[in-house]
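We call the chains A, B, C, D and E, going by the order they appear; numbering starts again at 1 in every chain.
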């Protein structure tokens, strides 16, 4: 590992921490002014670092790299480690954080300072989730992410933020109980919570001394992470939290946080740990398909922009988990790509909702109308993002969905694959309804002088849309790359 | 590519240089386009062009008639759908007939249409009609036949629209009825081709009427009969009499359509299919003929407008031809064809006389015109000749052809003979009425028309009428002349020229004619008016209701068909709306209902959320116990 | 002896848990929780987890109880809470029965299936001390703890610092 | 091969060019219009120029292999070139017509973008040899269709646009499930690698859902009449040039070129289409909205196309393809005429129209020509197509089917006549009516004349269709 | 038969059930936090026991210590939310937290 790369690796955990310190050490007045720039820098640097590390790994022919943050560690330690997937995820995190900070400028007023602090902690928590290789450390960073997001949701104490945050907190606490309970049971059998050790302990779990404990362990872990990721029927908190969060926070929250806390973890579990536990995958697949269908159906009659997006998230999370639960390489790659795509398009949509909120002061779709002409950038980017969500080619969302469906089909779950694919029609349904009410339909009174939101919001919608389109168009190249890597 | 364009060039020039057969179609079309291209006010130039086209066509037809054979073939598409023309003695004769009538009516039209609007359109459609008719007769390929056959519909529609664009109902009626007939023909052609395995008419001969053949025969026959204007495809003709310019009536329903329809009927029954006398198909065809004769004549009897009366009479005469051909006996076929020639002549002549009356008085309604005989003597003479011919008075041509048909009908079944004789009676009665009312009796003219304005029509109009009237007489006295052309079609060794052999039948026919005269006199005595001479039949106890209904168009097949179609359409519309309901209402309600249920699940209470979660956990645990 | 003390403490824990649930007074619930923590500390001690026991005693019995009590004192002066408390017991009446039934069932199943987790022999016990393990292998957790405390601090800043209303 | 450049230009000129149009629109409106026409015309010219290599040297193709059985492949065989030329020709005329029609409305940039993109999607779909590519262009066309139908932005209009999107996308998704089913069997999405196989019945059902929804056949048809709320050039585009033809084209591509249709479907598909033909024809007789009537007519005529393509006979296949061409020309003309009428009298209810022939002579004649072509009356082009299609039913040995379609054809005559008569004949209801702009009138005249010429010089298109059919190598 | 294992597992399960029961049945935000704490006690117990079982006492102690820190912060944040809610609504009844629904 080259020295440069080692240094760059440290930025993932180091830079945000540095930003937090900077933010608090600077004079308050200065900090108020530049705090958002700090966040943006952190986000962009993180994206750059992810790309750099990826390039270095590729150049060195490695697929992963271990590192420790402060001091060298002993044997059996809980290290940080990056592989391609975590790099992808780190890139997503950087992207969404940047978008969130770009949105924050117009929405947060005097809360920017606290927002920056908390968002940096959140960033650290998420990076930690992406980097750790130990289930217990995973829990620790999960908790950090959780706490930071509770506070961020309730950042705006006048609104419904507290309610959303508290619901999230309660459900999250239950999830924690389940996860830790599961970890305890696993720990009893494996004696360690390193990914590799647990996987080894589970490799022949049916012949273990007490399989019941292992079963209890992975069921509890599964349930815990399902709650965290908001899969049906554990989804109750998710729309409330998304809806009540301040605009900028909901961008980050909806774009990446719950995905990191729940979905990424589940992906890791299926990919690295529960490889030999088909039951885990079967249950996950069932949850996934339920989420896909019901999440989309529930979104159809929602009346709040952000709530629609929340239910849409539930549905899309279902797709990611469906890919993961296939247990095949194609499925996993599909899930990872969908993870990335979902981060892109869902962030776009939340940025759009923020733009609408800034421009009109509401996210109630019944009160909106005909914004396409007044807010062309928002309108077009929301269409692109939604089409990507619905899996309309050639946008990015289609390809990852296709891989997932193919994987599900190839593993013999024909009916589930077909249903998952056809459920896109519900996605199309709520997409069309929202477009009709907000952008596409006739203009409503009172919104005549609405103007496009300029600056960061506009920039981030444009950039994210470009990613969605570009990723979709360049997907064949990606496929060739993956083939070159021998992954598919 | 090159080959394609080469083929196109060949296509446009008719293959190997200029071909007579090809010219029969292309020349009228080209001159039609030319006639329209000439400026509107240059009436003379346009008319000259028009007349030249018909004359050229006649010359070509004569040439072909003399040549008796010839063919050409142009690759049109694969699948044997090629532009194939062939002429044989039969079609040569038909072409000649078409050409003659085309010229005669053209001369008449030029005079008739002088100073009328839209005459250019009429010329154009007329020539196009001629081209299409020629093409249909020349066609040696079923699809080509169908092409020209259906093409006639367009010109028909156009001509009917010339009359009155504000009242397009007749044009629609004609197009719909003809369209249905032609679509049936399309089906018939397809079925016949599938049955025979080829589209080339040359290669289709004496197919048995079974399997697909039944469909092919029936549908093609329907097409032929429909074009000829027999029941039930007839009802547009009387309406057209009101709407279209009169030369149209003379040329299309009276002449071309009859010629074409019967031409095709003969082709079907004796070339394509093997129709045995006494077979089911034969009886069906005869039945159509007989019914048409009786019903159409009954309607003709009560008409009060010359053109309408002539129209119904036209329909009824088709019945004779179909009846004759339907017998499948040589005498019947020859009789039918002979009757066709005669009919075309006298009916053309009758329409032309009616046109003269209309031209001079502005009306053909017998309630307003009467006693024109003194004012228009030549016209009256022409009318009388033609009327005698159509009534079957010896020695006019109609008598001889009718006798042949009677002979064949009697041989095929008494009932058909009775129908034919009844038809003869009604024909005679209606023409007695027409002649009496319009040309004799006290002078009466429509309001605003002065007696001194009503005089004989110009020579250009009299000429065709005279020729046709003369023809009626000549073809009667010298009936060997037409029959020598017709008889070979039915086969070798037939000779029906001269006076009929069966004098009993002649006697009966003459008795029937006398009966008709007696009937007319009886009616005239009762009412004192020639026009109302048939009223005792019209208002006879049982017939009265039937006639009332008929006048209210309860029996108009078009109206019945349209009612049925409308009913069908509403059913379809209902089905369509039901399907639409599934999309617009059911699907939407179902999904939003489901969605609302799911929303109720999230009622905002965190306890509820937890409860759902725990239910989920319980479910997973159960599932796990089941799966492990 | 160890077994006896642990079982005794377990019974105490369950008992206090029930009381935390069923007592109408919030304050008493909080105190019950503290008592639970204390019993847990004893158990941890008996299991050889001395540092953990210490933390449990100091943080959970001490700090958390303080947090609870201050939170309770900040939020209780409301009459409606008493009204809610009225049906409190009714809502929790089923709890002891459920627990007894469930406990009996679990014990029965475990005994019936001969469930047993043997304690390791001396040789299997890892020699590493808490210090070594904690500082040498759990660096990520330590970083996490720091971050968590930071997050807590910011949370306090955001959530508590709103003196205008009070 | 030198044709590859042409092929790529044919596809990507409209696809990529579409996105430049809003930029041109900011510079100058006229420039944008001209460029839009230019892009579409480029597609037409390129496809016309591909005709010669496709006919003489065998198909031109561009191909990149991707993993997972995916590929990016474009193949210009005679069938594809025929379809491409047909749609781009009609689309060019429609774009030309739009110059006059659309100039008074808002959102013109989007309009031209979507129209051009629409055609680009059609070009892409026509030449694609990969199921996923076909699906991709299929969906792009659905998006364009959605935006274009909702062009007027009013609530009911947008609802109908949504309906169209939902139905077609729903069908397409089912079709994609079918495609994945094929993939499950063969391990590839590449059509070139699965020549001559049969598909399982359930896959067939799923694919039919897609095709029938796009080609608006019963019972997935009701979005098409509802789509009549769009501007007339758009409906014309949907009905004539692009959208509904996609379905039948894909049917031809899959089941004439690639897969072997199982015997049962040679009965089932024509019968579904027959019911569709009758029901929609009946509905057309009852409707009073001129565009809805013509839309129902499209549904009815699509059934004829499907009949031809599905009977498994050579003449049927050739007739079906010919029908696509003739119907495109004629139906395009009908809708454009309806657009002129609608612009002139500001209503779509035929009961409130009458006697327009005097005021709109060119439109009336063009309408009549196109109507005759749709009715299948010679010498207009529709006649041959209709005859061949019906003949195929008899060749296939199903006279009852042929009879049903003849009935459908008779209904066609009746309802189109009804429209013509009510709108153009009878008593004049409007006195201040003017013909449309010269672009509009010129466009309809071109289509009317093409309908006529198509019938007279039927040898050209039929030779092409026969060439296509003969080279399928199945008869 | 091992009394200790049975007793600890049973007690842990009972504690978790108690905590969850409390969570579902109570209307008081503070009591919800207490309920979470109760359940967390059980988790702590289980983790410690797991470490004891497989001889990884040191590791399990590290876990427990970390968990305790986490627990405290979560409790503080939860209390903060409860107090904020109290300031806003005047009580800590979660039945009032139902504005977000659907």
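Operating definition for what follows: contacts are C-beta pairs under 8 Å (C-beta built on N, C-alpha and C of every residue); 3 or more make two chains touch, one makes a residue touch a chain.
Since this is a predicted model, take the numbers as computed values, not measurements.
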Path length in steps (a step moves to a chain that is touched) from subunit C to subunit D: 2
Chain of greatest Cα-centre distance to subunit A: B
Closest chain to global C-alpha mean, per-chain Cα centroids: D
Distance-maximising chain from subunit D - centres being C-alpha averages: C
Higher-contact pair (C-beta pairs counted), A-B versus C-E: C-E
Chain centre separation (subunit B, subunit D; CA means) in Å: 36
Centre distance in Å when subunit A and subunit C are each reduced to the mean of their C-alpha atoms: 32
Centroid spacing, where centroids are CA-atom means, of subunit D and subunit E in whole angstrom: 65
Whole-Å gap separating subunit B and subunit C, where each centre is the average of the chain's CA atoms: 102
Junction residues of subunit A - those touching two or more other chains: 136, 140, 143, 147, 150-151, 154, 157, 166-167, 170, 174, 188, 239-240, 302, 429
Contacts with two or more other chains, residues of subunit D listed in rising order: none
Touching two or more other chains - residue numbers and ranges from subunit E: 19-20, 23, 25, 29, 49, 51, 53-56, 59-60, 66, 70, 73, 77, 81-82, 84, 87, 94, 97-102
Which pairs of chains touch, using the document's own definition: A-B, A-C, A-D, A-E, B-D, B-E, C-E
Subunit C partner contacts - residues on subunit E that touch it in the complex: 1-11, 13-15, 17-19, 21-22, 25-31, 33-35, 37-38, 41, 44-45, 48-49, 51-62, 64-66, 68-73, 75-77, 79-84, 86-87, 90-93
Interfacial residue positions of subunit E with respect to subunit B in the complex: 20, 23-25, 94-95, 97-102
Touching residues on subunit A, where the partner in the complex is subunit C: 13, 17, 20, 68-71, 73-80, 114, 117-118, 121, 124-125, 128, 132, 134, 136-137, 140-141, 143-144, 147-148, 150-151, 154-155, 157, 188, 210
Of all residues in subunit C, those that touch subunit E in their complex: 3, 6-7, 10-11, 13-14, 17-18, 20-21, 26, 29-30, 33, 36-37, 40, 43-44, 47-52, 55-56, 59-60, 63-64, 67-68, 70-72, 74-75, 78, 80-81, 84, 88, 91-92, 95, 98-99, 102-103, 106-107, 110-111, 114-120, 124-126, 128-130, 132-134, 137-138, 141, 144-145, 148-149, 151-152, 155-156, 158-160, 162, 165-166
Interfacial residue positions of subunit B with respect to subunit E in the complex: 599, 602-607, 610-611, 614
